[in-house]
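Per-chain numbering from 1; labels A, B and C assigned in written order.
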Amino acid sequence: MKLFKNAVINTVTSGVITNGSILVENGLIKDIGKDIKCDFDCEIIDLEGKTIYPGFIDGHSHLGLNERAIGKVGQDGHDETFPAAPELRAFDGINPHDDAFDIAIRGGITTAIISPSSGIGAVIAGTMSAVKTKGDCIDEMIVDSFVGMRGTMGPSAKFPALIMPKFPSSRTSVSAVIRELLLKSKQYMLKKEAGIKQAYMISFENMIPVLKQEVPLVIHANLKEDIFTAIRIAKEYNVKLVLLFVAEGHLVAKDLAKEGIDCLVGPVYQGHTRPEYRYHSKKVAAELAKHGVRISLIANSGNGKSDSINVQAALAIAQGLDEKTALKAITINVAKIFNLDKCVGSLEVGKHADFLVTEGRIFSRDFLIGDVYILGEKVN
Amino acid sequence: MKVIKNAKVYTMTGDAKVYESLAWEGNKITAISSNKLHAEHELVGENVVITPGFINPISNVGLKEQFVDKLPGDDTEDKSYPINPHFDTISGINHSDKGFEKLREMGFLINGIGPGDMNLLGGNIVLVKNRPGFVEDNIINGNIGIKSVLGSRTKGVSENPAFPKTRTRAVAALRQILYTTKDYISDKNSFSLMFEALVPIVKKHRPLFIHANRADDVFTALRIKEEFNINIVIVGGAEAHKAALKLKSSNTPVLLTLNSMLTNDIEVKEMRLDNLSTLAKLGVLTGITSDYQLPASAIYDLLLKLVDNGFEVADLLQFLTLNNAKILGIDNSYGSLEEGKNATFNIFRTDELSHENILWSVIDGEVFAKKGERNYVAD
Amino acid sequence: MLLIKNGNVFDTKTGEYNKLDILINDGKIEKISSSINEDVEVIDALGMNVYPGFIDAHTHMGVMELVIGPDGYDNNEMADPINPQLRGIDCINPQTRSYEDARSVGVTTVVAGPGSQNIIGGTHVALKTSGYRVDDMVVKNHVAMKCAFGENPKKSYGDRGIAPNTRRAQVAMLRDTLYKAKEYMKMKDAAGDDLTKMGPVDIKLEALIPVLKREMPIKGHAHRADDILNFLRVAKEFNLRIIIVHATEGHLIADKLASANAACILGPSFSDGLKMEMKNVTFKTHKILHEAGVKIAIQTDAPISPVLDLPLMAAMAVKEGLDEAEAIRAITINAAEIYGFQDRVGSIDEGKDADIVISKSTPLDFEYLAEIVIINGRKIYSRLGV
C-alpha cells in the first residue's frame, strides 16, 4: 500500500481537497480525503504541498500505431485496402515502445484512446482502444480494448474523383460505404441471434456492439454537411454517434446540442491547409460547450504534439471555454464519452490511481508536470 | 554393423564423455558403451569426437539456389499473392543446389526448408535428411508446420493490395482465415485445398511457425495462439526475451535467427548473441535457425562468432541439436545420441568443433566422406 | 404572419392573373381571397405580379463545389458505373453560391443530386433553397433515381478502358442490374420475416426496389433521340415511371414520348451544343413537346449553367413559341407534379408552403428581377435589402 500525503488534490468530480492524501492499494484508490492515516504497512510519499490532478486522457491519438520517426516499418494506422474495415483492431498494431508514449506522459497523459487513422480510402478504419501510456506488453496496458469504431466522412475519406478514380470517390459513396456496412452487419447480427448458420466474419462481429449502442461510431467530420450526414446515418441505423475534429462545430453547435452528440474537438491549433478546415476556428470548443455539448479536448498524440494537452486547453480557454469545463474535457468527459468512468477520469475511491504531481497554475505557461503515476506506479 | 571406437561423444543427454564404442546397425544406434563390444562390427573410425547431426530448422536451401541466375533459380517468395498455406515446399526444391553440400560439410545433416518472411501464410516446412540425391528419398517429415509472418516484412513487398500494408491488417487476415477454417471443419460440404492445409493447425496437430522479431509482434503471436488455442513457434525473436514470461507460461518455443544481426533491418536492432542464453535461462525452449534473407550456410559463421564470444561449444550444441529437434517435434529419433535413436551424427577429428575438422558425416547410418577425403582412421 | 395585398396572383391552373390577397401563417399559405385584412406585417404588392416560388427541376447545386478544388467534387462516383445506393442528400452543401443566387431570382425549390457520368448515379432530393442544414430543407427525399444514357458514361469509363464502352453496354448493364433487382425483390418478398430464406442483403438492389414498384420515378439523362428511345424501351420492359432529363432531340420523337407518358425536363438549352449529342439543341423543343401532349419542366442543370438563368430559359422557350402560361407552369407546378411533391409547393393554393416571388415584371421578360422572395413564410430576399 502507498500513502501519498500532503497534496492539494483536484478530484475533478468532487472538488478540491487541501491537505489531501490518497491511499493506493493494488493500483486503485482505496481512500482519498483530508489527512488520511495508514494503519498498515505503508510506503509513505510526501508530495510537499503540490497539486495533484487525475491523469489526463487524450480522446484521440495514434500513439504506437503510427510510430514516431522510424519510417514505414512503424506506420500501421492507415490501411486503405478496403474502404470498410471494421475487422482491424488498433491494439494489434500498437508498439508500446514508441517513444511518443514518453512524450505523451510528459504532457500528463496517462490514458490514451488510440485509433486507426483516417485517410483516403479508409472509411471505416477499425476499432479504437483505451490504453495506458506506459508498459511493455499492450495486452497489459489495455483499459478497454474496444471503445469506439472509427470512421471518416467527407473529403478526407474519398479518393479525389478527377485525379484518382477509385471507390469511393464521392461523398455520397463514402456515406454508402458506412450504410452498406451497417446494413450487412445488421443482417449478420439478426441471423446470429436467430441461430442461423453462417460464415463467421470478424468484420461483422465487430459491428455488433455498435448496432447495440454499446460502442459508439466515432466519425471524423469537419464540414457541416458531413456532420449532418453522419447524424443522418446514425439515426437511420440507431447507432450512437461521437464526432471527431468537428472543425465547423461552432456553426452547428445548436444542432449538435439538440441531437445530444458528444464531440472530440481539436487540435485547437489545426492548420487550414485543407478545404475542410477552411472555417475552422479556435472557438469551436467554447461554442460547443456554451450550447451544452459535451466535449473532449484532444491532443491527437502520436500524430501531433503529444505533450500538448495543457496548451490545447489553454487556447480553448482564451477563446471563451471556462476552466472547469476545460479540465473536465481532458479528464472525466473523455472517460464518460467512452464508458471508462468507472476506472479513470477523476480521483475517487475505487478508480485507478492515475495522477499528476504538478506545480504552477494549470492551463498556463507555468504549469509544470512533475511525477506521473499510473496505477500508483511512477512512470517517468 | 558399424562401430567407432574410443570417441568423445556429445550425447546431449549429459556431459560429453569418452566412450569405448558407439555402434549402429542400419539407421539405428545400437550401443553407446564404455565396454568393448562382442559382436562383429566394421570399424569406421577411432579416437574422434562425435556430435549429433546439426539441425537447420528453416532455410531456403534448394529454393533459392546459389550460384544461378536470379529468377529461374529463385523459388523462395511468392510475390503475386500472400496467402498460400497449401503450397508444398517440396515442389520448389532443386536437389542439385550446391547449398546442400555446403551445409553437409558444415555439419548440418538435417535441414528444414520452408517459405520466407514475405507471405502471410507461405506454405509448409519440410524436414529433409541432407544425403545427396532427390529430396523425395530423404524426407523426414513432409509437413512440420506452416510458416507465417507478423511485423513489417510484408509491407511494401508488392503493390498488390492482398499484401497486408499494416500490422492490423495482417492480424485481421490471419484471424479471419482461422475462423473460416473452423467453419470449414464443421461444415464439410465443399473441398478446399487451401483450408485443408490449415485444418491441422486449427486442430493443434501442427504448429504455425510465426516470424516475429519486435516485442509487440511476439505478443501479438501469443495473443493469436491464445484466441485459437493453436501451437506456435516464434521464428526470429530479436525481442522475444521481453516476452519471456508469457513465452514460458504458454510453452511457446523460439527459434532465434541470431545472424539477423548481420542485416540492417530495423526490427532486429535488439538481436544480440546473449539473447540465446537470456531466453534459455528464463526457461523458454530456444533453438537456433538462420535469418531467411541470408544464405542457409551463414548460420555456421554465426556459431563461430558465438564461440569467439565465450560460449561453450557444448552449450551451443544443445541448441543446434536437441533443442531444435524438440521444437520441430523430431526428438524421438533425432537431436541426441542414444540407443534406439537414428544414426545421424558428425565425426570430428578433434575436440575443436570447427567444420574443417569434420572428417565425415553419418546420415541414417550411411557414411559420407567429406569431399576429397577417403574414409579416415585417426592415429 | 405575413399578408401580401393587392398583387396580381398567377393561377397555375388557369394561366391567368387575379388580383388577390394572400395570408401567410406558420410557413403556410393560410388564406387566399380578394380582400383580407389582418393586423400583421403587410407587403403591398400593388401593380406587381405574384408567383409561386420557382422550381429548378434538375441541378447539382451544392454537390459540385469546385471552388475548393477536387475535395469539392462529389457530382459523380468515378470508380463504379452502377450506384443506385448513393443519395444526393449526403453531399449537398446549401451554403454554396448557387443557393444564394437561386434565392435572388425567386427559385425557392430545387431538385439536386448526382450527375450523369454513371449508368445509375443515385437518388435526387427536392429541397428549399434557404437553410443551413439540408435535412431541415427537404421538401421530398429520393424524388427520383438518376440514370444516364449516351456520351457521358461511355466517355468517363470507356476512355479509361472500363465498361461501359458502348451504348450497347450501357443498356445491357442497366437491364442486368434491373433484372438482378427484380430477383432480389422476389426473394425478399418470398422470405418475408424468415431470415433463413433471405440471401445476403444488397444495398444497391435495395435502392432499386421502389423504382421497380413505381413508387419512385427514374430520371434518365438523354440528349439524342436514339438514347431517349433506349430509355423508353427499358422503361417499357420493366414498367417504370420515367422522366427524361435534357431530351435535347425530344422534338424529333414527340409522339413516342407522349404515348409513353414520359415527362421531360428540358435544358439547359442556352448553348450551341458543344457535345456531339447536343448538336440539335434548340428552345423550339419546348413548344413542340407541349403541343404533342408531353408534360414539360425546365432546368438549368446548375452549376453547369447558372441557376440565375432559370427565368431566362422560360423566356427563351416563349420566344420560340411556347405558350406563356405553360412556360411559367414549366418552372413551377409542372416540376412538382412530375416528381410528386405538388402537395407542398408549385402553386399558390391554401395549405401549401408559403414560397412566393413578387416582381414588377414577369419571368418571361428579359428584364425580369425579383423584388421580394418568401420561403416557408419568411422574407429571405428583398432586392432593396431585407
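In the analysis below, a contact is a pair of C-beta atoms (placed from the backbone, for glycine too) under 8 Å apart; a residue touches a chain by one contact, two chains touch by 3 or more.
Remember, predicted model here, so these are calculated numbers, not experimental data.
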Between A-B and A-C, the pair joined by more C-beta contacts: A-C
Chain nearest the global centroid, as defined over all protein CA atoms shown: A
Relative to chain C, chain with the most remote C-alpha centre: B
CA centroid of chain B to CA centroid of chain C, Å: 72
Centroid spacing, where centroids are CA-atom means, of chain A and chain B in whole angstrom: 45
Contact footprint of chain A on chain C as seen in their complex: 62, 68-80, 83, 85-95, 114, 122, 132-135, 160, 195-196, 198, 200-201, 203, 206
For the chain B and chain A complex, residues of the former touching the latter: 152, 155-156, 161, 164-169, 171-172, 175-176, 179-180, 182-183, 187, 214-216, 219-220, 223, 242-243, 246, 266-267
Complex contacts: residues of chain A adjacent to chain B: 64-65, 70-81, 85, 87-90, 92-97, 116, 126, 136-139, 197, 199-203
Contact footprint of chain C on chain A as seen in their complex: 155, 158-163, 165-176, 179-180, 183-184, 186-187, 190-191, 194, 196, 223-225, 228-229, 231-232, 251-252, 255, 274-276, 278
